[in-house]
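What follows is chain A paired twice: with chain B in the first complex and chain C in the second.
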Partner chain A sequence: MPTAGRACLIIALAICFYGIAASLYGARTGRREVIASGRRSVYALAGVLVVAFAVLEAAFARTDLSFALVASHSSTTTPLFYRLTAVWSSQEGSLLLWVLLLSLWSSAVLFATRRRLREVAPYATAVLLGFGAFFCALLVFLESPFDRLAVPPAEGVGLNPLLRHPSMMIHPPMLYSGYTLFAVPFAFAVGALITGRLGSEWIRRTRPFTLAAWFLLGIGIVLGARWSYSELGWGGYWAWDPVENASLMPWLTGTAFLHSVMIQEKRGMLKVWNVSLVLATGVLAILGTFLVRSGILESIHAFGASTLGIPFLVLIVAMIGGSIALVAARSAALRSEHRLDSLLSREAAFLLNNLVLVSLCFVVFWGTFFPLISEALTGDEASVGPPWFNRYVTPLALVLVLLSGIGPLIAWRRATAANLRRTFAVPTAASLAVLAAVLAAGVTESIGAVLMFCFAAFVLGTVGQELWRGVRARRAMSDDSVPMAAVALVRRNRRRWGGYLVHAGMAILFVGVAASSAFQQARLVELSPGQEVTVSGYTVTYERPRSRLVAASNGRLERIDLGADLEVRRGDGAPFALATYKSYFPSMDPSLGPVSRFFEGEATTEVGLKAGWRRDVWTAVAPDIRRLQERIDEGDRVFRGAEGLSDAQRGAFLAEALRGLTRSYTQDPPPATFRIIASPMVTWIWLGALVVFGGGLLALWPAGAAARRPATAAGLARVARELGRA
Partner chain B sequence: MDPARKRTIRLVVALGCALTLACALVYTSFSAASEAREPSQLSTAEAGVVYQLTGKVAKGSYRHEGTLHFFRVRDRDGSASVPVRYRGQLPDPFREGREVIVDVRKQGDVFVGEPDSLITKCPSKFSAEQPAT
Partner chain C sequence: MEFLLIVVVLGVAVLVIAGPLWAGRAGDREAGESAARAELEAAKAAKYAEIRDAELDYRTGKLSEADWRSLDRQLRREAVDLLHRLDALGDEDGEPGADGRP
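And now, the complex of A and B:
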């Protein structure tokens, strides 16, 4: 089977080279059958890579330890779901997933545009296959996922316990989908620049893919944050880690592009800016992939020594150089058809929104790459921490949220004072009402958080007002009830209302971020059973220790859990229980004793979390296992001296010894260290993210027939009369 | 006002803002940054200055008293080491022999870790230990 997988990769590489040659030759000669052949090679690439991926998945599913990758990233005790998803926990498997997703998305876009963009598509095909060739070459020559072990081990290393979380296993495919989908507009932008077909059509045709990239990358980022919050034992969701930042940067420029492209479609402006944003987003997506794999920057996410740095660097330099050359060569054709009429216009608001998003991206880029910049300039490697990022990101985020409320209110071209008075009244009132409520509640410690609450209210006021005005206008043309009118309104312009829903979701999300950042209270304490501590008005009592020995479904010992049961109460309210524990997975180091290896392998904290609309209570335990050390050493000595035991006997005795250890932990519990955090409104972050994704889905959904039907003049006149009264 | 003149003014203002932001970014990043140092490079460390200490946790050096942790960090490829005192929750992958990054200040002969600044390079998804055969 490894041979079949490797053969697939070699065939895939050959297909890429053929497809590039066919597409370029077809584009130059205009021979449609050759162009079609180039396009079909992308479908073939997808097919071959599906087979390669299936081979690898099958090996993981049946724990075929003759595959080096399976032996080092899975084991017989790893549950099936994690065995299947462990494929992309490795460098090689994740590269294969990357190129597989690229081929699938490329196939989808080229199929959708097979009868359109006839001049641009062949070049886009060549660019997409160029990416495919790059990744296939890495898999064939540098990081083969199909290497075999001469002597398969009896047991595999297993999946890193920190990754045993459902969201962490879905997070990479989402991120890679985002990255690879951003390659689609990049490729078509290059095609448009080469052919000089710089109208809006390539943007219109690829917009669903750009939106899908933004949507899936966003899901990936939020899933990563959720994993960090609920699985890593520090209680945060964003640490400004280089790898986190790598995914944020293309998302920011992609967001900017989705806004500014509307100006190009409506007014024929910002063509250079738009094409530059698309190209920059494509480069940043590859840069993100490079950062994750090269180990060039220190990150909490470890990267093994990798040989991929140089090839990625060459690709990135080629992308940047090629992009600059193409934009410069086409600068005359990219001139705007109109100029900005007024700073009080929707174009200006969008432009400002773009500048803020790009500034955010630049800040993140600078902070992320600062170790390299400082080393290049001063010879000393230095880095900036979260306070530095927060200093810039907080004000920029405030402006961004405010603009997401202002943008939909201002008219295109030029807004009048009367227009502004009419449209700003409700959102401003909502904002002031929240300000009054916040001040009345005595929340004044953080000006940034208070401003964010007010601006978020402004955004929600804007969206609510626009919906209400739309419903009224709709009802002026029909006898629909209010809910039906709202549904019909949204169905008629899903893109617009999807966008508004995204704005509302972002406002909710930022409220959660502001509240949880500014008003979080945390304590690190050592407690013995029966002792208690108070955090933000919550009294947390260490009720009792807990411990267990966990066996996998095949009977093999998987891990030891040591933890605590806690009782939490606030004032006279009903108490609730929290359980937190640390799981210890055995090491594969043969030099360790059979008992001690269970405490020398990987460990992962299972957080105790009570989520609520107002506040989350979060706790993680760090058990003190020093008291067990004597018994652990004794166990190792006994097993070392026990010869002549069969594997079954050895396993049974080991299980009994470990059970004794876990029992002793609960019978004679040492004090344990607890990190206890009361974080306000974290749930709003996840809720806001859900609303954002709901809006994204709405915008992505294909428009129905009604949406494409033009409005009649009489209908428009009635709407105008109705809106005039509103 | 002449539209061309208006555009020039807008451009100058925009460029001025961009330049100001860029200068602030450069200045604050250099002034707020902590220099990355391995233990052997800390012999001339100044008291009170924050350094980003990188290296491996020396074998046999770890102990703790309640929430206070004591260990030595040694060079990745060498034996020079410095003592570190750290208060905070240790990341799950923290082990002797593992690579760590922690912001420290020199206090007497000991380097005191900034709270919650310690991160451990986990034996990642991309560099799993090799199975025993």
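And now, the complex of A and C:
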């Protein structure tokens, strides 16, 4: 089957070239059947890539070790779920997933717009197929996922243990969906610039895909943060890692675009800004993909150095150069139709919001690429860490949260001071109430955190007031009950209310970030069984060690777990238990002994976590295995000397040796090092994220056709009637 | 088996892609809007949304009644202008205008 997979990739590449040529030829000559053929190339590309992906998935599912990729990223002991998702743990498999998702989303948008945007769509098709051709060419010529091994090994290397976490397996498809969906508005922006069709039509038709990109990329980012918190053993959720930053940058500019595009739709303003934003977002999405694969920046997420850096760099330079040239060529047509009526307007608030979001993106970009910039200028590769990022991001984040509360309170076009006093009263009162509560509680160590709490209260006050006033206005025009009025209000404008929900969710999320960052207490301490330590009022006692051998479903030994059971008490409250352990996965290095290879391979940390609304207690253990070294060396010596044993006998003796090793750990445990962290309100981050995604889903939800038609007819009749009387 | 799969994939891809070419005017059969009409329809939808937003702003206290009525009149004038431009486009295209007349 590797041959079939490779053939599919070659066919896919040919389809891309044909589709590009057909789309461009059809657009230039006006031959609609050729344009349709070009569009269908995208559908065919999706179909062929589904087959290729299925071939690879089947190989992973049955652990076909004749596939080089399967041998290097899976094993017979890898559970089925992780075997299926291991496809994208590799450079090659992830590239295949990327181009598959691109083809699927491209097919969806081109099908949805097949009767619309007749001048723009062919050029957008060519751009999307251009991306497809790039990735297919990488897969065919540089990083084939279908390389075969002449002599398949008896066992595969297995999935990187760090990736054995459900959220880590869903995280890449979400991220790649976000990246590939952002290619859609990029492609249509290019098409609009080429054809000069620069009104709002292309924005309106691609908005669901832009919103979906923002939504899925956001989910991917949060899943990554969750994985970092629960799997990596350092107790944090965001490290300003280059690859984390690479996913955040297009999300920030995409957020800015989703706001500022409303101004273009309403007032015909900010056309240059909007088209530049969406082009920049597309470039940043490719940049994120590039960072993971080029090896130019150190990251735990990266696939490591590869041959892909130069091709990606060429693509990014072409995208940037082409974008600048197109915008410059159409600068006259992109002139704004109106000016800003007043600085006291929602337009002005959105503009300020955009500046903050783009500034955030710039800060993240500068900090991420600083090692390269400093090396280019000074010869030394200096880097910046979390303190640098926090210094600049924190004030911008505060302004952003505040603006998300202010924007909805201001009318479009022009607001008066009297109206502002009326609309600001309740949110300001909410903010001051929180300030009073925080000060009364003595929480004054962090000015930034206090401000964030107050601004978040302002946002929640705004959203609550908008809902209340909207329901009241709705009820004044109908006989609806309060719940029905609320439902009708939201249904009538899902985009607005989805946006309000997103603002509320972001406020909650930032409260969690502020509290957990500013008021976290951590200890790194060595404990023996029976000893205890106090962290943030919690008394943590090392009760007993724990150890076990874990076998896979086929009976083979998968890993050794060494860890600890802890008891945690706070004041007179009921105690609770925490368990944390380190999992040792065997190395495949044949030069290592059969016992020592378990402690020379990959290791992961399973954290002990008690999450709560007020505080998380988090712990991770690092067992000291030096005291086991003598037994490990002895085990290796015994097996080296033992000859004439069958595989079954060696397996049985090895299992007994390892059981003895783990018994000795529990019977005579050495002191272990524990990282213990008490972090306030971390749960609010995940709750806020859920609210954000609920809002995104609401904004994405399509309005029914029945709801659309009466609005159009009623508006038409009303406009005609009113003007007839005027 | 592999060879058969490759042939089937290639064959289906060719059929899908070449379909419109064999059908000749298949692309024309798909009724589509002219670009200009589509732009105006998008502008009209945005204008109606703006009218509704302005009313909601007034009813939720962000706009005084005087400001709202002034803004509403302006927005409706802009909406009527769009409708007239759509009607004119309908006359030029030989298609029914918004009021259904040819």
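Everything below uses one rule, namely that the second predicted complex is superposed on the first by the 703 of 726 C-alpha atoms of A that agree within 3 Å, B and C clash if a C-alpha of one lies under 4 Å from a C-alpha of the other, contacts with A are read in each partner's own complex, and residues count from 1 in each chain.
Keep this in mind: contacts are C-beta pairs under 8 Å (C-beta built on N, C-alpha and C of every residue); 3 or more make two chains touch, one makes a residue touch a chain.
On a predicted model such as this, the values are computed, not experimentally measured, just so you know.
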item: Chain C versus chain B on the shared chain A, clash or fit after superposition; value: fit
item: Chain B versus chain C as contact partner of A:Asp636, first or second or both or neither; value: neither
item: First (chain B), second (chain C), both or neither touched by A:Lys266; value: second
item: Which of chain B and chain C A:Glu532 touches, first, second, both or neither; value: neither
item: Which superposed partner A:Glu57 touches (first chain B, second chain C, both, neither); value: neither
item: Which of chain B and chain C A:Ser359 touches, first, second, both or neither; value: first
item: Contacts of A:Ser89 with chain B and chain C, given as first, second, both or neither; value: first
item: Chain B versus chain C as contact partner of A:Leu117, first or second or both or neither; value: second
item: After fitting on chain A: smallest Cα gap, chain B-chain C, Å; value: 21
item: On chain A, the residue positions that both chain B and chain C contact, one per complex; value: none
item: Interfacial residue positions of chain A with respect to chain B in the complex; value: 65, 71-73, 89-91, 94, 149, 151-153, 155-157, 160-163, 232-234, 293, 298-306, 339, 343, 355, 359, 362-363, 366-367, 370-371, 374, 380-385, 387-388, 391-392, 524-526, 582, 587-590, 600, 602-605, 620, 622, 624, 671, 673, 675
item: Parts of chain B lying in touch with chain A, wherever the complex brings them together; value: 3, 7, 10, 14, 21, 25, 28-30, 32-36, 52, 54, 64, 66-67, 87-93, 95, 99, 101, 103, 116-117, 119-133
item: Residues of chain C touching chain A in the complex; value: 2, 5-6, 9-10, 12-13, 16-21, 23-28, 30-35, 38-39, 41-43, 45-46, 48-54, 56-57, 59-64, 67, 71, 73, 76-77, 79-80, 83, 98
item: Chain C contact footprint on chain A (complex, rising order); value: 1, 3-4, 7-8, 11, 15, 18-19, 31-37, 40-41, 43-44, 47-48, 51, 114-120, 195, 197, 199-201, 204, 265-266, 409-416, 418-419, 422-423, 466, 469-470, 473, 476, 492-493, 496, 711-712, 715-716, 719-720, 722-723, 726
